[in-house]
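Just so it is clear, A, B and C label the chains in written order, and each chain counts residues from 1 on its own.
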Amino acid sequence: MTHFKRSLVIGLWFMFLALPLMVVRVNTLNHEIEWRWANMLWLGFCAFALAWFWRASTERRAARQALGVAAGRPLLAKLSWAQRLSDDPALSRRLLLIVAAAALIFPWVVSTSQNFYHVNIMVSALIFVVLGLGLNITVGLAGLLDLGYIAFFAVGAYTYALLARNFDLGFWTCLPLGGIMAMFFGIVLGFPILRLRGDYLAIVTLGFGSITKIVLENSEELFGGAAGIAGIPRPDLFGLVLDGREKSLYSYYIVLALVALTIFVTNRLKNSRIGWAWMALREDEIACVAMGVDMARTKLSAYALGAFWAGLVGVIFAAHNNFINPDSFTFMDSAMILSMVVLGGMGSILGVIIAALALKLLPEYLRAVAEYRMLVFGAVMVLMMIFRPQGLISNLRRKYERAPADESDGHGK
Amino acid sequence: MDSEYFFELLCGGLVKGSIYALIALGYTMVYGIIQLINFAHGEIYMIGAFVAFIVSGVLTLTGYGGPTVLLLAAVIAIIYAAAYGYTLEKIAYRPLRAAPRLSPLISAIGASIFLTNYVQLAQTPDFLPFPELITDFDFMEPFSRYVSSVDLVILVVTTLTMIALTVLIKYTRVGKAMRATQQDAVMARLVGINVDRVISATFIIGSALAAIAGVLIASRTGQINSAIGFMAGIKAFTAAVLGGIGNIPGAVLGGLVLGIAETLGAGYISSAYEDVFAFGLLVLILVLRPAGLLGKAVKQKV
Amino acid sequence: MVMESNKLLEVTGLTMDFGGLRAIDQVDFSISAGEIVALIGPNGAGKTTVFNCITGIYEPTAGDVVIHAPGLAPRRINGMRANRITSLGMARTFQNIRLFPAMTVLENIMIGRHCRTSTTILDAILRTRKSVRERHETIEESYRLLAKVGLAEVANEFSANLAYGAQRRLEIARALATAPFLLLLDEPAAGMNPQETRELDELIVRIRADEQVAILLIEHDMKLVMNISDRIYVMEYGKGIAQGTPREIKENPRVIEAYLGEEVHA
């Protein structure tokens, strides 16, 4: 009964909170007041129901756990499907083949010569997959909370736009240049700030991100101001003339190749001296340094490498859209990429990909989701931290067998 | 250099800075006690401004007016901001007390995004005209070039609020408990202080201060929307860091320095880059003197 | 009798202030090759601060910390970054265990090999011969050390899931992975049961012999200290108050007073 009462109090409290903001709407133009009492009742009811359900379920879980302990059963013996997948290389290789094949034929299945809407959406989603994987290096692996990551994306995009406009350089020349430029920015900015404590670093990177946007908005002659830069050339293919659909398909395959490259590189790094040092730094800075890891260099490498991917994909973004302006590089975009990493699971490549696709594709196809998208983002970030801080795919155990080095330089026995 | 122009900017900066200081106090108090950057604090300020807008809108449309409306709007805004701040802590931060340091920060960012969009969906994404509740005082006529009547109200109210806060922290039970918790939360718990309640009190007080700031700034600029909290929050955080985060007089000093620096920068260099000055200052301070103007450098315990 | 050339670490006049508080005041000590030296003293005497000063976590206010790495010229390491000091050959464990909880036991040790390997980002991406060889060596060496501290069976568990005593041994193995000539152990027996402590006793002696390291340890378990130490330094209120062999220390009135407080006199 106390559960009921307490939940009732919570429901009433939320009705109280909802009172001005969700109920009253003052229309200052035609001097009317709109009263939306139903909102208040709904919120109150939902809060009550959730609280009640929550209390009941925690109680039951506690009881079950107590029972389990009494019976001497291990509490956690179940392996996650992701762990099983990672432990079985043959299975994961087969799955990877299937997914790769599906990704390759996807645009031919969903597009016609008139309608290639779905391909374009997939291109934007894959661009965010690369961004998520890039930020995953910085935040997920090395634990450096970067809230201005989108700035490096902007650096790549504007590098291409400006080089193409002013020097008539082609897409393939600019692609590496965009990445290198972003990496250069990452190193220059990262050098002074990377010794800051985690939360300060977050705020400073947020500051950098915002400064970048303000500078882009305000320098008309150099960056085109708030209007941005239009007429950016599409990627070129040996001088062939492509129609609309072919252009989209071409962009799709370019960004798909970049996704594959990012996965390949991240995976190799994760399983190397560099990746181990990143993860150790994320876990405990002081212990990591005391074990002989150069903190400044390790952090800088993670930060610059994250920036590099953002720069690369920024070039693709500019080329695919033909047009860029500062509105594509807001804090909300940084926050969205961050939530992909958080949601997917810090450091998990597969998790980040799933989260990025979900966060970009769901709003496109579900109108209802689109409107509440950012609201849901915010709520999900909070809830994930509370209930599943490890993300969709939690930290997997990597095994290193003592096998003879069969893939090595002839030492194999 | 035109000294009148300079003085004009200085006054403007002082007014702006005192608002920053009010919001910065909330950041600094929370950080002092649980070492969390309450990223959603700016949204509490925005909610305060919105509630004041709604209350005053309802009252003016039903035929009331004058200072009573302002007072009532302010009081209700304070109550609601405090209620939201309290709930925010309970839901988004309390379960994460023992979590790794970045978890509550990510949760705070999520809460900030949530609250912005909540208000945007429940109200409107557009700018709303905030009613002119503070009428011009006749005696301010000669000084109006430097300090408008609204500015005077802002300066007086912020000064009074800060005095009240000082008294509260220095002499009341809650204030003493807050200081004890700030020094050593474990010890405070051992001597019988209810740390949970102290943390709640800190959020309530900080949110109330933010609401005051919200009402004041809305009266000055004459418009609000659901996104104002973000920038104000960042600026106030800058102010708090500038003064030395966790340090209450530091937050006030930091707010004033930031307000003046920003106004002077905008006035003499370029107003388009006003926000860049604030961010630039933040980056510089954190890189060169992370402890802030009044803060003490602390060695991390190993 | 210790010859000058055998000295590995020489600390003279080490002083550390925190604000107005003097945590360590003019502490002198030295360790020679092959020695096990203990640093003891009541809680708050400044022992861990000494460790932090000589391993580069803090920069000492005054004094000299000089290490004589085998085959290298003596170096003053005051204020040197902690990772440089570790690379020079001095590794440590922590009083309040600082493992990497979300990494496996084996990975924890592999971090110790970081400063002895040099695979770059590019090496790792292209999987060059060097990176493959180093990776192989890292794994081999880590397994060897795991076996040494008796943790080979749990190599692929998350380190956070280990029992307390096992975590302490893992920290020792992780420090050993950096191939030090001097190993600093901060309360290695804290939280261990008597059985575990006895095993630790043997482990430390065995490590000295097998890995050719000198060992400096902070410890409260007097039985362990007296059993394995060649020499003992005693600290109280930030100052060194005595030094000598275990037997000398046991009979030193100054030490007895420090440990028992005023009661002896009263």
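Simple rule for what comes next: contacts are C-beta pairs under 8 Å (C-beta built on N, C-alpha and C of every residue); 3 or more make two chains touch, one makes a residue touch a chain.
This one's a predicted model, so the numbers in the text were calculated from it and none came from an experiment.
S.K.: Specify the chain with the shortest distance from its C-alpha centroid to the centroid of every protein C-alpha atom present.
M.R.: That would be A.
S.K.: Quick check for the class: compute each chain's Cα centroid; which one is farthest from the centroid of chain C?
M.R.: Taking each chain's C-alpha mean as its centre, the farthest from chain C is B.
S.K.: Suppose each chain is reduced to the average of its Cα coordinates; what separation in Å results between chain A and chain B?
M.R.: Result: the chain centres lie 30 Å from each other.
S.K.: Whole-Å distance, chain A centre to chain C centre, using C-alpha means?
M.R.: Result: the chain centres lie 41 Å from each other.
S.K.: Taking each chain's centre as the mean position of its Cα atoms, how many Å separate chain B from chain C?
M.R.: 48
S.K.: If you look at chain C, which of its residues touch at least two other chains?
M.R.: Those would be 57, 94.
S.K.: If you look at chain B, which of its residues touch at least two other chains?
M.R.: 302
S.K.: Chain A: which residues touch two or more other chains?
M.R.: Where chain A meets two or more other chains at a single residue, that happens at 286.
S.K.: Under the stated contact criterion, what part of chain C meets chain A in this complex?
M.R.: Its residues touching chain A are 55, 57, 81-83, 86-87, 91-92, 94, 98-104, 106-107, 110-117, 119-121, 123-125, 127, 129, 131-136, 138-140, 142-143, 156-158, 174-175, 177-178.
S.K.: If you look only at chain B, which of its residues touch chain A in the complex?
M.R.: Within the complex, chain B contacts chain A at residues 36-37, 47, 50-51, 53-55, 57-58, 61, 76, 80, 83-84, 87, 91-92, 95-96, 99-107, 109-119, 121-124, 128-129, 230, 234, 237, 241, 270, 272-273, 275-276, 279-280, 282-283, 286-287, 290, 300, 302.
S.K.: Along chain A, where are the residues that touch chain C in the complex?
M.R.: Residues in contact with chain C: 265, 268-269, 272-277, 279-280, 283-284, 286-295, 301, 305, 395, 397-400, 402, 405, 407-409, 411.
S.K.: Could you please specify the touching residues of chain A with respect to chain B in the complex?
M.R.: Of all residues in chain A, those touching chain B are 13, 16-17, 20-22, 24-26, 28, 31-33, 39, 143, 145, 147, 192-193, 196-200, 202-204, 206-208, 210-211, 214-215, 217-218, 286, 331-332, 335, 338-339, 342, 371-372, 374-375, 377-382, 384-386, 389.
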